[in-house]
Amino acid sequence: MRSAHIVLDGHVVAENLSLDFAGGRTTCLLGRSGVGKTSLLRHLAGLLPCTEAAGPVAYMAQRDLLLPWLSVLDNVLLGYRLRRDGAQHRAAEPRARALLAEVGLGDRLHDLPHTLSGGMRQRAALARTLCEDRGIVLMDEPFGHLDAVTRLDLQDLAAHLLQGRTVVMVTHDPLEALRLGHEIRVLSGMPFSVGPVIAPPGAVPREPGDPALLALQARLIGELRRLS
Amino acid sequence: MRPLVTALGLIAAWEILVWLAGLPPYILPPPSRVGVVLVERFDLLIEQASWTAGEMFLGLVLGLVLGSALAVIFAASAAWRRWALPLVVVSQAIPVIAIAPLLVLWLGYGMASKVAMAALIIFFPVVSSLYDGLRRTDPGWLELARTMDASPRAVLLQIRLPAALPAFASGVRIAAAVAPIGAVIGEWVGASAGLGFLMTQSLARGQTPLAFAALTILCLLGLALYAAADRLARRLVPWHPHQGD
Amino acid sequence: AQDKVRILLDWFVNPDHAALVIAKQRGLFEKQGLDVELIAPADPNAPPKLVAAGQADYALSYQPTLQMLVAEGLPLVRVGVLVAQPLNSLVALEDSPVKTIADFKGRKIGFSVSGFEEAVLGAMLESAGLTLKDVTLVNVNFALTTALMSKQVDGVIGAFRNFELNDLELNKANGRIWLVEKHGVPTYDELVILAKRETVDVARTKKLLAALAEATAWLTANPAEAWTSFSRYGKDLDNDLNRLAWKDTVPLLAADPSALDRARYTTFADFLVKRGLIKQAPPLDSYVREIK
Amino acid sequence: MRPLVTALGLIAAWEILVWLAGLPPYILPPPSRVGVVLVERFDLLIEQASWTAGEMFLGLVLGLVLGSALAVIFAASAAWRRWALPLVVVSQAIPVIAIAPLLVLWLGYGMASKVAMAALIIFFPVVSSLYDGLRRTDPGWLELARTMDASPRAVLLQIRLPAALPAFASGVRIAAAVAPIGAVIGEWVGASAGLGFLMTQSLARGQTPLAFAALTILCLLGLALYAAADRLARRLVPWHPHQGD
Amino acid sequence: MRSAHIVLDGHVVAENLSLDFAGGRTTCLLGRSGVGKTSLLRHLAGLLPCTEAAGPVAYMAQRDLLLPWLSVLDNVLLGYRLRRDGAQHRAAEPRARALLAEVGLGDRLHDLPHTLSGGMRQRAALARTLCEDRGIVLMDEPFGHLDAVTRLDLQDLAAHLLQGRTVVMVTHDPLEALRLGHEIRVLSGMPFSVGPVIAPPGAVPREPGDPALLALQARLIGELRRLS
């Protein structure tokens, strides 16, 4: 990404931004609320005016964006429905079922989204994103509505399934960034700039109890606090 | 039950109004007289009603099909939208008497010209509401679909169209309510049959009670059509319309 | 094989069409080798145009209408007549303050659009020393009698003497009538048969007129039997108004549908020119054809 | 610019159609002839148009006011909904044109009857779409309002009504497009002025080009009204309609 | 709350539930995603069929529910607008402005909600809830979309402003529950039952670094894990 500008309705979110994301690895974005994380992700997904995605992406937005008239299973298979490739669609269905079972929705496959709780909806959206099977995966607060236990489980699931892909993930939880990110970057300022790469040691997903991680967490929080 | 009570109340009010105001039958015949005519001329009325019902139904179906197709085309293609939308609006302002000879010329004296006329009136609410609905899709869904490499066609069929169904349902209701107007206007074109025709004729001949008998049947037809359309409209939106995001 | 003939009526089927209906019912057309279809229009002004456009073989219309349409360039010719006198009249309610035409000053007069009401009414008003400016003309569409009875208008022009008076009577109102031809309007043929100028089929028209003549002769001789027959032609024909109108109409039907009074046409054309409805009288032979 | 091009293209197509189909001028006059009449009889046309425009405008205003009021009442009161909603549907099932002759008898041949007719045709799309919109409020907002002890009135005025504005805008568009039908039918059934009146009269006299000149002006009026309503409708919904939650 | 049943579309969420909430204190609800926390809160707010709220409540739902046609400031004052009491409305306005400044939206008072980021919207909804000034306050994941630093700040703000009120708060963050809750209760099972009261020592808001808290956090997470 080179010399990008992000301007929304005259509001300059980022100026002359150059940024590299490590291919095949997970980058976690942290930053104060309203700094521009979602805007950056949308820029990367090619959703802002005059932008192009770097390749096929899977995008998980901050809202769950489930279609209310499709069952949970059909929502997860939405990409395949939209691409209207029957063979791939059929091939993806068992995977979608398996994913839904893994996120704990195995018994709600045929329910409509409005009967789900907030966290269940988010899990369905997560399953949809993982089912997409893309080289670049962009996720905006993917675990925000989940309880601590489910969150850890799904972090493991995601880390496992996203191995080898280029992932950019926005999160508000420093520990989550430290568990999942090969690299962590902090956004700050207005228009925002992106801080230096923080690369915790070890393979992802890292153990949540690891003291090194907790020490880094304290440092990260300090950093965030300092920047505001 | 309740509609029946309403209907009876209405009829009673009408009868009383006629009595109290001392209205002569050529201005407003009392329901009792209309009832008598309704029974006496039942065969005639049913025969004419079958024409009108046919026109209404075909006009509605044609109007729905054409209207939906046009709305979808407008939503899909900016070029069509630009060039043809004003045409559609103009088509609403054209009164039947001006184009009746043209329609007869092109479609003959049979039912076709009447159905065409009815469809012409009915299709606008459908186009307008469905097109409005198609324009109001949640942008979040559209963005999601873009990241999924959906073709514009797939987005239209699988996202914008289902999302527009509540608006379409509104349009179907209005179209069903407008259908009787369409059918009666349609009956001004071409040859002579139908309740609207019977009404004009009996009004011109001072047979006001017969005209009202025809009007009553027309009302019942309209109500039946509206009820059917309302049921259809409800079917279209089985999900809870607002927990979509 | 029968020769298919489509005739557009001027209005819903009514006793004015007695000859056509009776000829059809008694097989008089078939006897001439014609298979006649009668089509009632929804808009009385459409039939001449549709005939001119070749959408039907004959249309019923009115002499003044014919002359105006021809002046506007429609290729129409008169080939026969059903009612060879005016039926048109000016009517007011008997118990209204309007006792003479002069009493219409400052009042409303309703009409059903025919295109020449201004000419006819203008002449009638002038015969009483008024002009069109002294009255307000209101299009009341088909509701001539109702408009009159409900007192929305003080008089109506375009009322047919064989119909509207009976209609008033049935509604327990009495009308005061002024016949157009008695008040400054030249006499004319009310109901004529038109065909397209370029394609008049003389042989076929001859057969048609012959059948009509035979039908008229029969129905004038047997009015009661004819009424029974006529009233069964359509389900809605058997009513009090038609029964009364029948009696008044039968004597008015032209015994010889092929008759032509040329003078009537030139006089009336001059009248229309004088009243400013047409700019110039078209040559007579361009729009009347005597079929003998 | 673009509407102008559309208009020119339309006129060209019409001229070509007349030529190719060999349509006689008394069925469909070519625009060149209509243009001549348009210029020659401009004064007459404008005078008549002012009547029709007045009827359309007043009818639209009346229809919008009545329709919105009724929709709001229906949304507010279950009793009204139960008893009067069927009435409203019946009132639509009675085609206006069928009762047009009666309306004229009741309201006279002046402007009132035409305005009433236009309003009658217009008000149903307004009621129907606004009422549909009022029923589809996001239940989350209604729950929030309930915890805030909002009176039903406040909920209606401050939440359901603004939330229904997009649907109302749809209804306004349809109403504007339908308004010319109402005015013209009114004039057709009984009038002494107006474009519809002028059309009937010139059609009866075989002055088809004059009738089409009147029709042209009628179409322009219809388009202008629609454009105005469309602008109003857009004003009604300045916020982004779908990021509401 | 005595012998309550919560049934949604035939789905039994809770049966024969009896529960007391300590008046004037803050109770935090924890539990796995989909267990019924939101349903319980809606029950308390009187939003489910056949339920009544115990008194005037302020309710902050899981979605932000900002009205798209009202400015941020007007959204915060929504309750006063709806109650149509001019005097109170005028009195509340300075408070609304102050609250918005405190949640960091002081410069966005007159913007429409769709120009805000997700976290900003949540902060506006929080300001609206706090502005309501009610005896009972029900909050469903009120800080879910906020970064760690903002979250701590707003926790302090909320704890301060909600002193003396009866607060029931759903959260997924055990540490948050431990910072803010006089009492903590864990929901589990299907239909759910409510675990015993956990009352951490000390006044709220507690210090996030407190080792006692961290120990309790580990215990809570263990509890949640065990229950699933």
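Letters are used for the chains, namely A, B, C, D and E, taken in the order the chains are written, and counting of residues starts over at 1 for each.
Just so it is clear, a residue touches a chain if its C-beta (ideal position, glycine included) is under 8 Å from a C-beta of that chain, and two chains touch if they have at least 3 such contacts.
Since the model is a prediction, treat every value here as computed from it, not as a measurement.
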| item | value |
| --- | --- |
| Fewest hops from chain C to chain E - one hop per pair of touching chains | 2 |
| Contact pairs, highest-scoring chain pair | B-D |
| Mean-CA-position distance for chain C and chain B (Å) | 36 |
| Distance between chain centroids, defined by C-alpha means - chain A, chain C (Å) | 83 |
| Centre distance in Å when chain B and chain E are each reduced to the mean of their C-alpha atoms | 50 |
| Residues of chain C engaged with two or more neighbouring chains | 49, 53, 142-143, 146, 150 |
| Junction residues of chain A - those touching two or more other chains | 63 |
| Two or more partner chains touched - positions in chain B | 27, 97, 101, 105, 138, 140, 203, 240-241, 243, 245 |
| Pairs of chains satisfying the touch condition | A-B, A-E, B-C, B-D, C-D, D-E |
| Residue numbers on chain D that touch chain B, as the complex places them | 2-3, 6-7, 9-10, 23, 27-28, 82-83, 86-87, 89-90, 92-99, 101-102, 105-106, 121, 124-125, 128-129, 132-133, 136-140, 166-167, 169-170, 173-174, 177-178, 180-181, 184-185, 188, 196, 199-200, 203, 211-212, 215, 218-219, 221-223, 226, 240-243, 245 |
| Chain E to chain D touching residues, read off their complex | 42, 45-47, 53, 56-59, 61, 63-69, 78-79, 81-84, 112-114, 132, 138 |
| Chain C residues touching chain B - in the complex, by the definition given at the top | 12, 39-43, 46, 49-50, 53, 55, 142-146, 149-150, 163, 167, 170-171, 235-236, 239, 241 |
| For the chain D and chain E complex, residues of the former touching the latter | 138, 140-141, 143-151, 154-155, 158-159, 162-163, 165, 238-241, 243-245 |
| Residue ranges of chain C in contact with chain D within the complex | 45, 48-49, 52-53, 65, 68-69, 71-74, 108, 110, 113-116, 136-143, 146-147, 150, 152-153, 277 |
